[in-house]
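Note that the chains are named A, B, C and D in the order they appear, and that numbering of residues resets to 1 at the start of each chain.
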Amino acid sequence: MTRVAILGAAGYTALELIKILLRHPQVEVTALADRLEGQPHVAAVHPSLTGRLDLRLEHLSPAELAARAECVFACLPHGVSASIVPQLLDASARVVDFSADYRLADPEVFATWYNQKHPDPGRLGKVVYGLPELFRQRIVAADLVANPGCFPTSAILPLAPLLREKIIKPEGIVVDSKTGVSGAGRTPRLTTHYPECNESISAYNVGRHRHTPEIDQYLSEAAGTRIEVVFTPHLAPMDRGILTTTYSWPNGEVGEEKVLGALREFYADEPFVRVVDHLPGTKDSLGTNFCDITARMVRGRVLTISCLDNLLKGASGAAVQNFNIMYGYPETMGL
Amino acid sequence: MTRVAILGAAGYTALELIKILLRHPQVEVTALADRLEGQPHVAAVHPSLTGRLDLRLEHLSPAELAARAECVFACLPHGVSASIVPQLLDASARVVDFSADYRLADPEVFATWYNQKHPDPGRLGKVVYGLPELFRQRIVAADLVANPGCFPTSAILPLAPLLREKIIKPEGIVVDSKTGVSGAGRTPRLTTHYPECNESISAYNVGRHRHTPEIDQYLSEAAGTRIEVVFTPHLAPMDRGILTTTYSWPNGEVGEEKVLGALREFYADEPFVRVVDHLPGTKDSLGTNFCDITARMVRGRVLTISCLDNLLKGASGAAVQNFNIMYGYPETMGL
Amino acid sequence: MTRVAILGAAGYTALELIKILLRHPQVEVTALADRLEGQPHVAAVHPSLTGRLDLRLEHLSPAELAARAECVFACLPHGVSASIVPQLLDASARVVDFSADYRLADPEVFATWYNQKHPDPGRLGKVVYGLPELFRQRIVAADLVANPGCFPTSAILPLAPLLREKIIKPEGIVVDSKTGVSGAGRTPRLTTHYPECNESISAYNVGRHRHTPEIDQYLSEAAGTRIEVVFTPHLAPMDRGILTTTYSWPNGEVGEEKVLGALREFYADEPFVRVVDHLPGTKDSLGTNFCDITARMVRGRVLTISCLDNLLKGASGAAVQNFNIMYGYPETMGL
Amino acid sequence: MTRVAILGAAGYTALELIKILLRHPQVEVTALADRLEGQPHVAAVHPSLTGRLDLRLEHLSPAELAARAECVFACLPHGVSASIVPQLLDASARVVDFSADYRLADPEVFATWYNQKHPDPGRLGKVVYGLPELFRQRIVAADLVANPGCFPTSAILPLAPLLREKIIKPEGIVVDSKTGVSGAGRTPRLTTHYPECNESISAYNVGRHRHTPEIDQYLSEAAGTRIEVVFTPHLAPMDRGILTTTYSWPNGEVGEEKVLGALREFYADEPFVRVVDHLPGTKDSLGTNFCDITARMVRGRVLTISCLDNLLKGASGAAVQNFNIMYGYPETMGL
């Protein structure tokens, strides 16, 4: 049994995380922290949790959190997280960090894309990226895991094996993603106001979305050479789900079966990656921790199509998967 | 040709109003006013109007507005409207007021439901309610028209004729309404944040929605006796449209055909009320100025089911209908 | 450990049922039956189950089903179910029946509302209605449980305690319900074709919806007197969820707290009914087996507002709750 | 004044067409034809037209249609259209054909992509493609216009000018499109059943969508060299709208302003193409005949983002635009 706490408990990823943890037989949720006025009961913030968890969202210091829990899930904004995580680690908590703060290796790259100096640059490059399909062994013993971004997971899982195996070329990769609105978080803004985004689809942050360097870094690592993708996120009128379509060039003669075969082989033993023959829709993975992947050859180009639930495999599901690995529980427990 | 201005031009009703007015062959839109910083171009506020109207949203005084336009459409919040409309009238503009400020006859009732003292109580009770189906003759010569609320239009149109004809009893009327999200306006709030209200339906403001006294007043007038309805609005996951189901008791022996017949006769010459045999859905009236109405007898109870587009017959379409009547244009012009 | 089979495995209730049963630690799903050509693998019919369950949808006789499973969940259309359930019982299977066939006590009432002679009239009136909150003790030993309809559950749970306690009058009850589209099943029809029902809300089957006599019967039982409700279902543009608003007359002086208090007391020990103070939205219960209920007094009328997930507490969740009771498992297991 | 008829009047494009034509001051709709049993009134098929048009959907021969109307809008499936259009032309009607039958120049290409022999191969290559922005002069005198497909319009409008001006290379173009569900037509199918496609996004017909050769042909013409695009359509959970994101390689040094400038210059006098600086969403063009286009340079790649309403600029709006050109009416009349 492991005592866990959630920091930043008012958002959507925290809500999904709590729902999973309530089903997890080896977890006791002992503390919720956030900065809301009045330290409200969790059911006042998340009505769907009424009667399911009796905790308030408290104002808790890192030391107080570490006193209450062995593991802290930090659901904080970038920039903020890296100013608190070190204190949690110092207080001997292990941390799964949902923010982007520890995903990139290079503080300069962070500064360029996030328009701010990194608060904890010394740790960059040493934190494991919480994608078990690529880094499982390093997660086992980690005190801090950088939980991946939703778009990067949807792009790295289909592309990394193809780059490793040199089935596709590292140049000229296009990543065209479509996401549901929950990915934008719970703070009301005009762009996510219902009558603005309902019945509409649009591209956003073209050429400057902050998940770009994260995709670059882990694909580069898989390819063994520097990769820069063209990544375009689109906002689709639905709550949850990401569908990512990638376009890349094959290395020499490559047929559809070879691409699918490489993916199938790479993910043969993975509990949460399903390589499928059909064209998956986001609804297939809705409410689950699966990432569904298929591939097609079209006019000499390699296409991959992958989907996942951005709040689960793209966030809270992945976090619990990492937690299970860190604490030696069966990897699928609670998921 | 009539020069018109819009006050409060950044909202959804203003956007729909502009779209109608751009199609209206006898209207020139000469000014848009709002309080946004920088007085932006209308296309920056409403991208769908790009290339269609070359005006800025200016900070304009009532006198300036009246100098530019013969008729002003005031799309302002309640309370604010009644502090500006008198100045517009003094400056000789005619006004169609979208707010609730001039709909109620009694300043006490206003104060009770809107939690504020009315800024212009002397005018209450003298302003015509802009429901042409009931008050067309008084609209013709009006300098100020109180444009009806969206829910009241959907409830008064089916019920008023049945009350006038004493087909239903004035006691015990239930009005159960379902509305799209645009009715809540364009200001982002948690309740209208996409992931909160999408894929969900809920009741809101039960027993205290401000359209209640408006429905009471005009149904009472139709019945010739005091009516208090039980009105429950529900928020449905769609952009636009109101469906209102009412439940009332018949006066003696009443069959379905008698109810439908009374409605058909009452609205026989109306261009924008369609009494139909089938059960209408809000999509039937989406994008139009129609209100569709039908009726059923169920176990001795009279049911009416009516629908309209809350931004058109429930707001901007009705406003242009009133404008056409005020200026002697064909009532359907532009609609 | 109990072996279970599902009959009629291609529909939405079966899909949700399978997802629950896969999480249930005391269940083994041993057979799926349906009448599709080619007896396809379940993953071909329900892509979201890829890799999670390795069974085909077979053409199986009642005897074959009973040989493979102790308990059969029958997800069949009304009329069909009652021609197969007797054979399952004869073969010693216990059955949770999703159809309407065994919910009504009177074959005449069935014939009137379902336009057909009942295939197994002798059993009517002896089968327990699977609403554990009212009939738990009778479910324990039952060989056949009639799983309730989605609308009836949403109406009976808030109203039955108020009728039992004589807090409301049995006359003049209005039940106004709003449902998501999955309630209509998986067979494509024009009314549930996406561009027809999206962005639209409408009433349907007014005065003749088949859940009406079911609501009547169990409310009558609770009240100890004959009740006929006016029930109006509406189709809302969302996948799942039912919100039911009821209007009834209080017996004498009744305040809001008395109504809420009666509900709270009645459901104090129930794991799946949450009596709440706030106005619940269907999203609060989405993906769960909860029914959320609140109440309001409006102008002398008692209003209840309740919501649930039509595929869970309104169908498959309730079925597993019944199953757990029948087999002595903890009532919340798997849910 | 021109008398027009619609053949295939039960579908969505016909409905939108009728709505436009009812607003068109120089059009009289004289006949509607379809093959429904009972030849129902148009309001029975399209309830939103109740009270707006008093015609039945008749079974009419080409000769009968031509006798009633000067111009016929043929909203028929591919393959069917080319067996009827010749008879309409022989009977001296002018025709705007919504099907794909006359869009391609080469009967072999048609046979390959549509899996059937072309019924009227002799006419292929001689029919003008109804994209006024490229072929306005040829439309003026045409007796038959091939109305473009919705995806092709969204792809050709942004790319053709860039290819003509050699700003982008003809090789390696990716076209990633997202469409609302109405594009799939009005026949209920499982893939467009509300609970299947709501809250989900998916790719479909990858590598074999029939709009591919149409895009190829008109881009090839613009480029003066053979082009084969990689085209991937995605189904998004909304009624209407197409957003198309294209990825191509620049010819030498090209900045964002040069790309946007070329588009602005090319479309300077076009009434229905808006080259915009912001990232457009489909809602900006919803309910209009506009195609909104912008462009970005991302990591050395040229991106265009374009959107339109698939039922208007992508179908019925374009058809009326073509009609206006054919009959010498102002091009924007009714639109």
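Note that in this section contacts are C-beta pairs under 8 Å (C-beta built on N, C-alpha and C of every residue); 3 or more make two chains touch, one makes a residue touch a chain.
Here the structure is a predicted model, which is why all the values come from computation and not from measurement.
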When A-C and A-D are ranked by contacting C-beta pairs, first place goes to A-D
Relative to chain B, which chain's C-alpha centre is the most remote? A
Between chain D and chain A, distance of the C-alpha-averaged centres to the nearest whole Å: 39
Could you tell me the distance, in whole angstrom, between the mean C-alpha positions of chain A and chain B? 46
Distance from chain C to chain A - Cα centre to Cα centre, in angstrom: 36
Residues of chain C that touch two or more other chains: which are they? 180, 196-199, 237-240, 280-281, 283-284, 286
In the complex, go through chain B and note every residue touching chain A. 12, 180-182, 186, 188-190, 192-199, 237-240
Touching chain C in the complex, chain A uses residues 23, 47-48, 50-51, 199, 274, 276, 278, 280-281, 283-288, 290, 292
Would you tell me which residues of chain D are touching chain A in their complex? 172, 174, 176, 178, 180, 196-204, 206-207, 228-230, 232, 234-241, 243, 245, 247, 279-284, 286, 296-299, 301, 303, 305, 307
